[in-house]
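The structure under discussion appears below in the form of structure tokens.
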Amino acid sequence: MEYVVEMLNIRKEFPGIVANDNITLQLKKGEIHALLGENGAGKSTLMSILFGMYQPDRGVIKVNGIETKISNPNVANKLGIGMVHQHFKLVSNFTVTENIVLGAEPHQLYKLELSEASKKIQELSNQYGLNVDPYAKIENISVGMQQRVEILKMLYRAADVLILDEPTAVLTPQEIEDLGKILKNLIAEGKSIIIITHKLKEIKAMADRCTVIRRGKTIGTVNVAETSTSKMAEMMVGREVNFQVEKEEAKVGEVVLTLNNVTVNKDKDVIGLNNVSLEVKRGEILGIAGVDGNGQSELVQSITGLAKVESGSIIYEGEDITNLPVKKRIEKGIAHIPEDRHKHGLILDYTVEENMIVEVYDKAPYSKRGILNFSAMRKHAENIIKNFDVRSGQGPISVTRSMSGGNQQKAIIGREIEMDPTLLIAVQPTRGLDVGSIEYIHKRLVEQRDKGKAVLLVSLELDEILNVSDRIAVVNNGNLIGIVNAKETDENEIGLMMAGVNKGEDE
Amino acid sequence: MWSLIQQIAPYAIIFTIPLLITALGALFSERSGIVNIGLEGLMVIGAFTGALVIYTIQSSFPGSTTAIWVGIVVAMIAGVLFSLLHAFASINLSANQIISGTAINMIAGAITVFLARNMTGSGKISINAFKSTNVPYLSDIPIIGDLFFTRTYPTTWLVLAILIISTFILYKTPFGLRLRACGEHPHAAEAAGINVKRMRYYGVMISGAFSALGGAVIVVTYAGEFTGTVAGLGFLALAALIFGQWKPLGILAATFFFGFATTVANVSQVVPALAVIPPVLLKIFPYVVTLVALIIFSKSSQAPKAVGEPFDSGKR
Amino acid sequence: ACGTSNTGGSGEGSSDFKVGMVTDAGTIDDKSFNQGSWEGVVKASEELGLTHRYLKPNGTTEADYMTEIGNLYDAEFKFIVTPGFKFETAIFAAQAQYEDAKFVLIDGYPHNGDFNSVVGENTVSIFFAEHEAGFLAGIATAVELQEGEAGFIGGMEIPPVQKFNWGFQQGVAYANENLGTNFSIKPENVVYQGTFDDVAAGGQIAAQMYDNGVDVIFAAAGGVGVGAINEAIDRVKNGANVWMVGVDVDQYADGIYEGEKSVILTSAVKKIDQSAYDMIMAEKNGEFPGGETLMFDATNDGIGLPDENPNLSESTISKVAEMFELIKSGEIKVSDKQDGLIK
Amino acid sequence: MRNVIVSLIAVLFGLIAGAILMAFTGNSPIAGYQYLFEGGLKSISRIGNTLATATPLIFTGLSVAFAFRTGLFNIGAAGQMLFGGFCALAVGLTFDDLAKPVLLSLMIVVGFLGGALWAFFPGLLKAKFNVHEVVSTIMMNWIAYWTIYYAVPGYFKGEFLETESRKISDNASLRVPFLTEAFDGSYINLGLFLAVIAVIVVAFIINKTTLGYELKAVGYNRDGAEYAGIKVNKGIILAMAISGGLAGLGGVAFYAGNTTSMQIGVMPTQGFDGIAVALLGANSAFGVLLAAIFFGLLYSGRGFMNAMTDIPPEIADSIIAIIIYFAATSILIERLVTKVLKKRKEKKTIVDEKEGQ
């Protein structure tokens, strides 16, 4: 049996956590090998070790049968190992060519020689059907193309072993399919691929074998064709998983929020949200589906007041709130679980109790005549911590920066729900969380719905949208493509709509 | 008015050059991702070292400029060494770069005067400066000749040459590409196999060398002596960097503007045509214009995206 | 020698005392009154084997000065020299507070902020006739160069600088009227730059003046003057025929451009070092003129031109000497007021 | 607690470096430091002068620290102090026949407003145009410098001097006989009380009020604050203005307390020292108070050290600079402290297996 890469008994510790504990992964030549595991299982860490960004505390790496020490990414490159990171590592104001050659620049006597490189990139792009313009600037190309640039980066360096860390998170189902084809092309050319994901369907569709890790330990390696998805899921989380969200029939009430032909700009003159109209009613969860960056942020920001509405109007409980400041909207009962918990959700240097009043600090009982009431703050925080199972070192006085992502998220959700809002906007509420937390949060959202609140759920995860929502609105390129009932649709239809194809219209 | 411009142009240029080279050094530092507010201190180090070396060895080279050139080179080395304090604090220790730079300024100011007193017996070190020259032939060209080629110092041409080379390095060499990548997206650079910390060290060290050159240029041209300060030019250079939008030619334009505006303000008292303008307006003119320019450019700021952020390779 | 030096010699008698000095704005190496005073202190102290030390205050406020005077006093430095009019109010307070200390106030008189002179019994107030020094420099300039244009660059607009300026103008005018010279000073070429340290501005202003046809510039401006001198040096190296007139001390050496040749035509000297020296000597001899206001002027050779003037011809030197005598005898009166002069 | 240790270690390192410099110049560090502290403390009037020297530093330190706490780097305390002081002085000279309490109150208010105004512009530029306050406050420093340079002789010229304003009357002075006498003729003045009040007020605002909560939130996380409905632009401008106002009060204390007139052509060094004070005080109001007094001690004691020894005067400046560098690189110190604390813990407990998160 010929292995191109073998990682044997790898251990990696970070302060306070064992990210990899005796993990073994063997990659055969010419296979697509999936690496499956929950959030925080240690997948990225393992791959970063293979790519030379971390050094293992223990264990052996063999490349083509020879034991090697990969002390930095350059060594990895020389060994023919390339990696596409979970978060793209592209310099946005450089061209495609500049990004690709970075670190291995062709030069003559100190002078950059990019024209040859551009030509070669063009050729590679054609060869593998990547369709990338070597002269374009990164900031002007789509996310999908950026990913192909990352792949080209590896090909340019003649990598034989390609590592892709969660490559599908930012793609539409169709783009994911295209990626699958590209990967098959690569295999055909003799490359070997490791792909990280926690989406079982994709593994089924793309991979030959799959190694599952849990809490830093190898659970096992299976042949994908012979293993069911539920078996893999069980290996991943260590128990049977219920993929279906339990919920009753929605009892839809009156309209809470109406958007009338709302247009929002992204940058100065680029339209982010184009002439969108929709309604959200009490007792329902309206899901917003779409690939990242297709107007979801603008939609949410227009409702919460963070973005200026260029035209159109927003009616909330019969009142025009189009130009109301953020604060007023919060006071009227619009709560918002933001997409980015570090940027928007928390003041990371504040403690839990301080964070829990960030929208109401100037209201009784948290302050009186401009002076904070610390005991009221404490009580409030303790309440949320209890109700939402927020775990942290020092309870209400823990600095939120020191908390794990899941617990930060639970604190935010607790804060927003405790405000007893009429409209709850949840943007990617489960991003980066493990299955347990996800189940919990979904339950909370449904609970809000059942209490007669209106819930607007924005997510990039199609499964989440399909499982949790009652109705689904799909956006593409700032346009509302259509609204469908969750029960009457399927992944295919939504996928097509996310790509901009409207229901009923034929391509 | 024209003859006035003609007359003051050489002096404006002389005044501009230290500012230019210092801002250019800061460009390398900031492009690599490190804010360097310690320019003032680095200039002082350069002025001090240059003056001290020249003062010590000048008598061994009568009638030649060798001593001055040696002084300039040693000053640049001293600038590099001193900038390592800032580099270490901000690159290895992830210290707040502005605070570290402020400390650099304070240390430089205190330590140089201390050393000057101890080593020469005086807080002032006087030397024989360069002699200015008219560039043969070129200075005879009408208009341009008077503006740019009369009363020039060799350091002026040196700095302009460095400007051209720097532009080339920044935009046309692998080094420049890497340096800029470190200031824009250090994690991308790291993933491409670039040693980000080392590149940032280079950036800060180049800044140290250039600032020190700036300080030494002051000594070997118009000042002729080290007095313990460079009178806020380091801060002006920082402003010029931003005013010039982190681009070599932008910096050239910005520093030249400063040089010209300051010179006009300085000589206004002697020029009847200008004496009618309240002097306070002339004096605050460069600063007010900078503020206005900062407002205008704020919308399209070209600041390196990662400048000022400590780089932590673990951070995702 | 790092400013402070301890010559705790032997054989000091009962009149042994420690000499302290507090510097004004600027440093001890300012080539002006700080340095001049200190040189006098050092010279006298070394001759007499006295301990001497200077202190640099944190700022230039009366409180800052008083603090350092107190420090000197507490450290047993009971003979204290303070150069600069800014010490006036501080000495007013100090002379009362430290009755057993002696104070020498150069360029000013003690007062309580109301400009009513109160020179205590333990204080000597010293003035210089800067206007007379300026006058002599003006004469020397005009007579040596015969015809041309002169300019003046001052630092800040403070009394000693103003008096240099006014005296210089009177000297030039006197030479034009009585000695057959043809020298002019245009109003725009008389400026106070506003600082004592902006070297760049000094050079730029000097350049502008030279370009406007000025042949010689009298600079009483500290670092600004250094810039002007550098500009002159550079011009002379490039073949121009321009001059500078130095101030306070003999600045000939500062203007050297080649070998022994200097752009400094002459300097308007006030013998600050002499005054400090004299006072220390007087104290040693038990003749300290406490309570007096001394004027260092032509009559006591307290001002003048340098002893050596390589750039002045014999005839100029003798002409200046003649004028010097006339001032001494009171025949020529140099005014220390603006009275119709430029600035 | 951690902060206090870090500051103390920074001070210690600075003093050690100073000792090395003293030894390097052939002097006894012990004698040096002995005289340094004697110079600041050995008599009641010296203590008074130490406090008087510290007074403007308390204000500028508070100014910088307040800005820091709200995410801003105010390097313009010098200009704000200058302008605030000028405004107060202008009032003091113009209305000097008002009753002392009225006049002083008026001067304090005007001084605060003047400083606030000078910082308002950088705040506005930051909020509206994202112009970095470091550059804009430096520009404002020079604008203040030259404005004062021409305004003082233009409007408040002294009787005989072009370079200084007239002296304020006793009516407009913060010096009061009971203090001067209590401290044996020192320069201590009401400014110190004002400073202590400012420390308390600032500490209260920052820690106990919704305003402080709001401004800190803006400082820590502009986007997060905006998301929560806090008016970010208003916050930035207000924080900057308060910071400037504090520096302006420093101007009042300095020009109407420590001095009695205003000299032109001087950029007050207290502005930049304020940065050092704030750093050493770990940006807490009471920390600033202590740090300012420590700096006041260094400044007022070093003259005596110089009078008593041959130690060069620049050493005091060097010590301060080195302290700042160590404060700036406090991470190093912090790591050291953490390591020491950890080691001690490890010794005590026999492996209390680390309980996760």
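Labels A, B, C and D are assigned to the chains in the order they are written; within every chain, residues are numbered from 1.
Assume a contact is a pair of C-beta atoms (placed from the backbone, for glycine too) under 8 Å apart; a residue touches a chain by one contact, two chains touch by 3 or more.
As the structure is a prediction and not an experimental result, all values here were calculated from the model.
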| item | value |
| --- | --- |
| Most distant chain from chain D, judged by the mean position of its C-alpha atoms | A |
| Separation of chain A from chain D, taking each centre as the mean of its C-alpha atoms, in whole Å | 46 |
| Between chain A and chain C, centroid-to-centroid distance (C-alpha), Å | 76 |
| Approximate Å spacing (C-alpha centroids) for the pair chain B, chain C | 36 |
| Multi-chain contact sites of chain A, meaning residues that touch two or more partners | none |
| Residue numbers of chain B (touch at least two other chains) | 117-118 |
| Numbers and ranges of chain D residues touching at least 2 other chains | 25, 149, 312 |
| Every chain pair in contact, whichever chains are involved | A-B, A-D, B-C, B-D, C-D |
| Partner chain B, residues of chain D touching it in the complex | 21, 25, 73, 75, 121, 125, 129-132, 134-136, 138-140, 142-143, 146-147, 149-151, 272, 275-276, 279, 312, 314-315, 317-318, 320-322, 324-325, 327-332 |
| Of chain D, residues touching chain A in the complex | 208-211, 213-214, 216-217, 220-221, 223-231, 354, 356-357 |
| Contact set on chain B toward chain A in their complex | 172-178, 180-181, 184-185, 187-195, 305, 313, 316 |
| Chain C - residues contacting chain D, complex | 2-6, 20, 25, 53, 55-63, 66-68, 70-72, 74-75, 77, 97, 113, 115, 156-159, 192, 194-195 |
| Contacting residues of chain A [partner chain B, same complex] | 44, 53, 72-74, 77, 83, 85-87, 89-94, 98-99, 101-105, 107, 110-112, 153 |
